[in-house]
Amino acid sequence: MTGSRFGNLFSVTTFGESHGPALGAIVDGCPPGLPLDVSDLQGDLDRRRPGQSRYTSQRHEADRVEILSGVFEGVTTGTPIGLLITNTDARPGDYREIAEVLRPGHGDYPYLMKYGRRDFRGGGRASARETAMRVAAGAIARKYLALHMGIEIVGWLDGIGSLRYAGMPPRVRPDNDFFAPDARWLAPIAELIETLRREGDSVGARVGVIAYGVPAGWGDPVFDKLDATLAHALMSIGAVKAVEIGDGIEVAFQRGSEHRDAMTPLGFVTNHAGGILAGISTGQAIRVYLAFKPTSSIRLPIATVGSDGKPRELEVKGRHDPCVGIRGVPIAEAMMALTLMDHALRQRGQNGEVIPPMRPIPGTREQE
Amino acid sequence: MTGSRFGNLFSVTTFGESHGPALGAIVDGCPPGLPLDVSDLQGDLDRRRPGQSRYTSQRHEADRVEILSGVFEGVTTGTPIGLLITNTDARPGDYREIAEVLRPGHGDYPYLMKYGRRDFRGGGRASARETAMRVAAGAIARKYLALHMGIEIVGWLDGIGSLRYAGMPPRVRPDNDFFAPDARWLAPIAELIETLRREGDSVGARVGVIAYGVPAGWGDPVFDKLDATLAHALMSIGAVKAVEIGDGIEVAFQRGSEHRDAMTPLGFVTNHAGGILAGISTGQAIRVYLAFKPTSSIRLPIATVGSDGKPRELEVKGRHDPCVGIRGVPIAEAMMALTLMDHALRQRGQNGEVIPPMRPIPGTREQE
Amino acid sequence: MTGSRFGNLFSVTTFGESHGPALGAIVDGCPPGLPLDVSDLQGDLDRRRPGQSRYTSQRHEADRVEILSGVFEGVTTGTPIGLLITNTDARPGDYREIAEVLRPGHGDYPYLMKYGRRDFRGGGRASARETAMRVAAGAIARKYLALHMGIEIVGWLDGIGSLRYAGMPPRVRPDNDFFAPDARWLAPIAELIETLRREGDSVGARVGVIAYGVPAGWGDPVFDKLDATLAHALMSIGAVKAVEIGDGIEVAFQRGSEHRDAMTPLGFVTNHAGGILAGISTGQAIRVYLAFKPTSSIRLPIATVGSDGKPRELEVKGRHDPCVGIRGVPIAEAMMALTLMDHALRQRGQNGEVIPPMRPIPGTREQE
Amino acid sequence: MTGSRFGNLFSVTTFGESHGPALGAIVDGCPPGLPLDVSDLQGDLDRRRPGQSRYTSQRHEADRVEILSGVFEGVTTGTPIGLLITNTDARPGDYREIAEVLRPGHGDYPYLMKYGRRDFRGGGRASARETAMRVAAGAIARKYLALHMGIEIVGWLDGIGSLRYAGMPPRVRPDNDFFAPDARWLAPIAELIETLRREGDSVGARVGVIAYGVPAGWGDPVFDKLDATLAHALMSIGAVKAVEIGDGIEVAFQRGSEHRDAMTPLGFVTNHAGGILAGISTGQAIRVYLAFKPTSSIRLPIATVGSDGKPRELEVKGRHDPCVGIRGVPIAEAMMALTLMDHALRQRGQNGEVIPPMRPIPGTREQE
């Protein structure tokens, strides 16, 4: 299996470099009959898009997506959906300066050791620009899950700088520049970003994603557990260094009597598990967290090495985000959607005839 | 792709339930010429085995593995290696009491909703017993990686109860009942386990795994990043709720100037990244952490639901571990080995002819 | 993807050498709730078994299969089904003579060049013995397809020596030693086999397989066409050198006006296509043919090369079939069943909600 | 696994309909460092292109391919190669007449039953136009195989109408409109095509493909035999109804003494096997044959059914080939290249360290 594909029954395969002519994806396995046009994808693409707010990267890309196949008379046909975004603000020339220096914290050095060469224009394939196609494909999955299964996926900025979110997961996608779940965060984040810009530094972020409405029974035992494939999906997003399900790392220090979620016929009492037990969804909301590392390309100087193996000092002057984690929110939502969509079809494939012998146990209020 | 398989070029497929007649695995894709006999697998199996120390489950399984194919005249032939462990202490009768009650924190309920039925004998396929085959298969990968590439994989108990490990990752596998990296932990852990047994409770654990000697260049960009596939592998272990790479969740609150690892021709200065950048190994030690939840089957009573949908109260009396995370150490090592082995072959497949244009940058002292 | 696995949603992975301790398989993805015990598998295994009649190999294997997992209280649970057959008549010593000579027409030489070594005991992994596990796994698929979808799969000997079958495909599996569709063939085939034994020679065979009751709509466009995956499945049987769908090689010399099958609301008029158009089932019977080459291990001497690269002459004295194609009938049925089963689940996964806008067009009388 | 992808380590995923805006492909897993530009692909695309000679379809497509990623400074980088061909002669309007009638011999009816709808414009995804992307991707594989391994792939028209080729397989690709291996065929074929056009009929074709220079040892035992994956690849080409390896269907009626290829240290004596034994290449030339059915869309009228299930009569007036098999030659070459390329990387992945214990046995003169 080659590395540019995700998913088994609903799969997305992508191509494209940061400063090449275009990015593209092939979404294969989409059920037929789903109404789809570019406007369904563009909303999510706009959420992810750099240059949209003054707080993110300064690159100006329209990110206009084209649907090149798989849709006929306004609905999907069941055949592969070809997606294309032409790069309009590619400036390969800008990157001559990093052609000969290996940026710490980036893929420059490992790509060089892996392939013996690298496309140094803005990180090439390792650029965050690659995620545009995840978001476009994820929007198709999201629409199907919403229309056919009543599933809603909501991401939010759960922590940045000294801010930590302590409330209930939001019910709807936060509609502000930072995907912040609390309006009181807006000013402090804006201030933090300004400070970082001035200082030439960056900061990480914690992102939460929740899926409401996933029925019990999705996920495969053992190696393709729902949480395992979610971890795969989410850790594959550039800059993510940790993935947590439900109570996440806290579970390491909990007691069993504290962690396990009691059940009654009226519903689950708590959701420490984050909606997954033994790798299979419980019908509770699926709740995950991601830790994004801070952008490595910052103005503050750092010791590094050139492509010639000689020592260098690097001060990055190009366009960059002081916090890539913010844009991580729609990307994480997309990967959640792609993962759930694949499991939805896998479940129907193997267990489409199953009639569970009891009524579903409702989830906690968190998902009402 | 069905869920009982892991790996692409070096794959393991498993079967078996906790109280069925046997567990088995097929390891496919192993390079030929590797000297192999059961003793290579038995050591790791013994490390994982319950009932081995008084601190873990009371089930007594010899876990004697047989190699049924793929080895001829003492070396692997390149064809699939069939592995079998016959269950000798299966007591399906013991589980009649849980036949009609759904244990909170276990797969009972989601399995029932997924498949419409469940093998209730000791958790069936969802039992930790399934991990024996991961460990047996992992031992083959581990041996190849050690012999052919000089890679060593070391796991340790990184945190339990109030203990947190703050030292350097160990260089060799801790040789004590708890895989504790510090001999001073032994008495407090023993005491904690005794207390939990008495109280009928359990506790989670944090586990660390490090791989020394992995060359730069392993891992695929985008969806099959080395960290993404590691997260998949590690999160697929039952009871794991979080996976961290390098500084893990801490990165969310670091500054870029603090996180990124400077490089000089003499070596990397730090290893916050945990040996992976942009999804590809850097040649530094690969360091990951797992959070295991506490055992859900404990003596303390809890509200739950029967298979008939009626309310019940459950008090588990069977044999169980007060801390499944301890046995998680060899399992996590095995999954690390399987993941690295697959990437080793993938790298050779695509890039076997590549000659990197510069000398490797040495890792930090952590890996010396 | 490693080579010992077949299928995506319903997969079978096998291991085992001709003269090793055992053969095994893992069948993953089977829908739950299917009544299953060893008797369901044993019938097909007995059909395939060498030594059963005086006309095939002289090896005496009981081929008793054990089900080690995935079945509970008499029905499948949805988790992987472990299968095992212990070799009872393995005689590795018999093969010392061929340890040092490379048998023409066998895998000896290419295995040696591929892996640098080979298990020479009876062909090792390349032995026809491997097919026992195909048949065991196929019997599970066959039972599901019959019970849930009314599909019947029938194989027959379509040609051998100077005999060519010209009748309609049989409706039920021929119940004779040669799977001959015509009782008048029995004496001539027995005579041919006797002659070949006496002369120390062998003969090829043409085998037909038909599947009745497959609904329209199975198969994926482009690379995973139903006929493409069938060709993969059938050509993977040792000794098969050609696969034909419907009119097969004859189509190369037909006119369009002759080949294409007219349709009326009352039914298809002909079935030159063999039940597949554009890679997707039409609802007509699926009809395929396989050409088995003659056994290469015969008593007549032949020039060859030793493992030392020196010239040799070989006269095989061991036990062998004068016509492996006869036993190919149940194996081909099994591969048809495995292929259809996988497509059945794939179709339900992607298109489980589809309601076709017109009534199915009945097939030709061939399938009534 | 979704159906629009072929290959494991070297994979191609495609999208696109006959009369949609564009066709595209993603080639993933290509080794880095291969010099590549569009001219490497255009030659093969031109060979496949309809409208090129007066003997094929009248559609006029330039088939200009763009490389959108994966190539930097003139060589491949190891990351996915995005390919795009914009349709310039799409005339969706032409197909209104077949919007309501199901063409016999085409995918119209099975697509409708599978997906509940169909893109009726020129066959949509089921059109032969899809093969352009196979040819483009195949050209990349072909170039790598030629440059790095000295492998040459040659296809030819082996039979059409009353013509049967009886000579040695050609050493170079026939450079004429019909890919005929014998110049004396040109006039009779031209005449046949003219006759068919006049009569409104069509004819099938037999195509041969040979690969020179493939080393011994490629292919996986059991399910992913080299011949099994070749059969998959070749049978996935639209209109192909039979695939033969080496002596193909003839083997069913050969004797063992006649079929098996003797070996001497100086070389194989014959190549009945077609270069593959037990699923693994022998180092002899790999020789396969395909049977293409005659075009179903012809002017001669035929009974069929409308989308409304009512009886119709169809007389196709649109642009079509009287013999699709001719254009099948470059497509078959491409699928051979893609299959070999994947096995080349798989072999290096698992067995890259193997040193065979004897010198290769040369092939027969056929490959000199």
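When the chains are written out, they are named A, B, C and D in that same order, and each has its own residue count from 1.
We take it that contacts are C-beta pairs under 8 Å (C-beta built on N, C-alpha and C of every residue); 3 or more make two chains touch, one makes a residue touch a chain.
Given the structure is predicted, the values throughout are model-derived calculations rather than measurements.
Judged by shared residue numbers over all numbers used at their interface, subunit B and subunit C contact each other through mostly the same positions, with over half in common. Of all the chains, the one whose CA centre sits at the greatest distance from that of subunit C is A. As a whole-number value, the distance joining the C-alpha centres of subunit C and subunit D reads 25 Å. With centres defined as mean CA coordinates, subunit D is found 38 Å away from subunit A. Shown for subunit D are the residues in touch with two or more other chains, namely 1-5, 8-9, 14, 29, 32-33, 78-79, 114-117, 125, 221, 351, 354.
Note for the complex: subunit C touches subunit B at residues 1-5, 7-11, 13-17, 20-24, 26, 28-29, 32-33, 66, 68-70, 72, 75, 77-82, 84, 114-119, 121, 124-125. Interface residues of subunit B facing subunit D in the complex, by the touch rule stated above, are 1, 8-9, 29-33, 78-79, 148, 221, 345-346, 348-354. Contacts from subunit C toward subunit D in the complex involve residues 1-6, 8, 14, 102, 104-107, 109-117, 123, 125-126, 130, 159-161, 201-206, 215-225, 227-236, 238, 240-265, 269, 273-274, 276-283, 291-298, 300, 302-305, 307-311, 325, 347, 351, 354-361.
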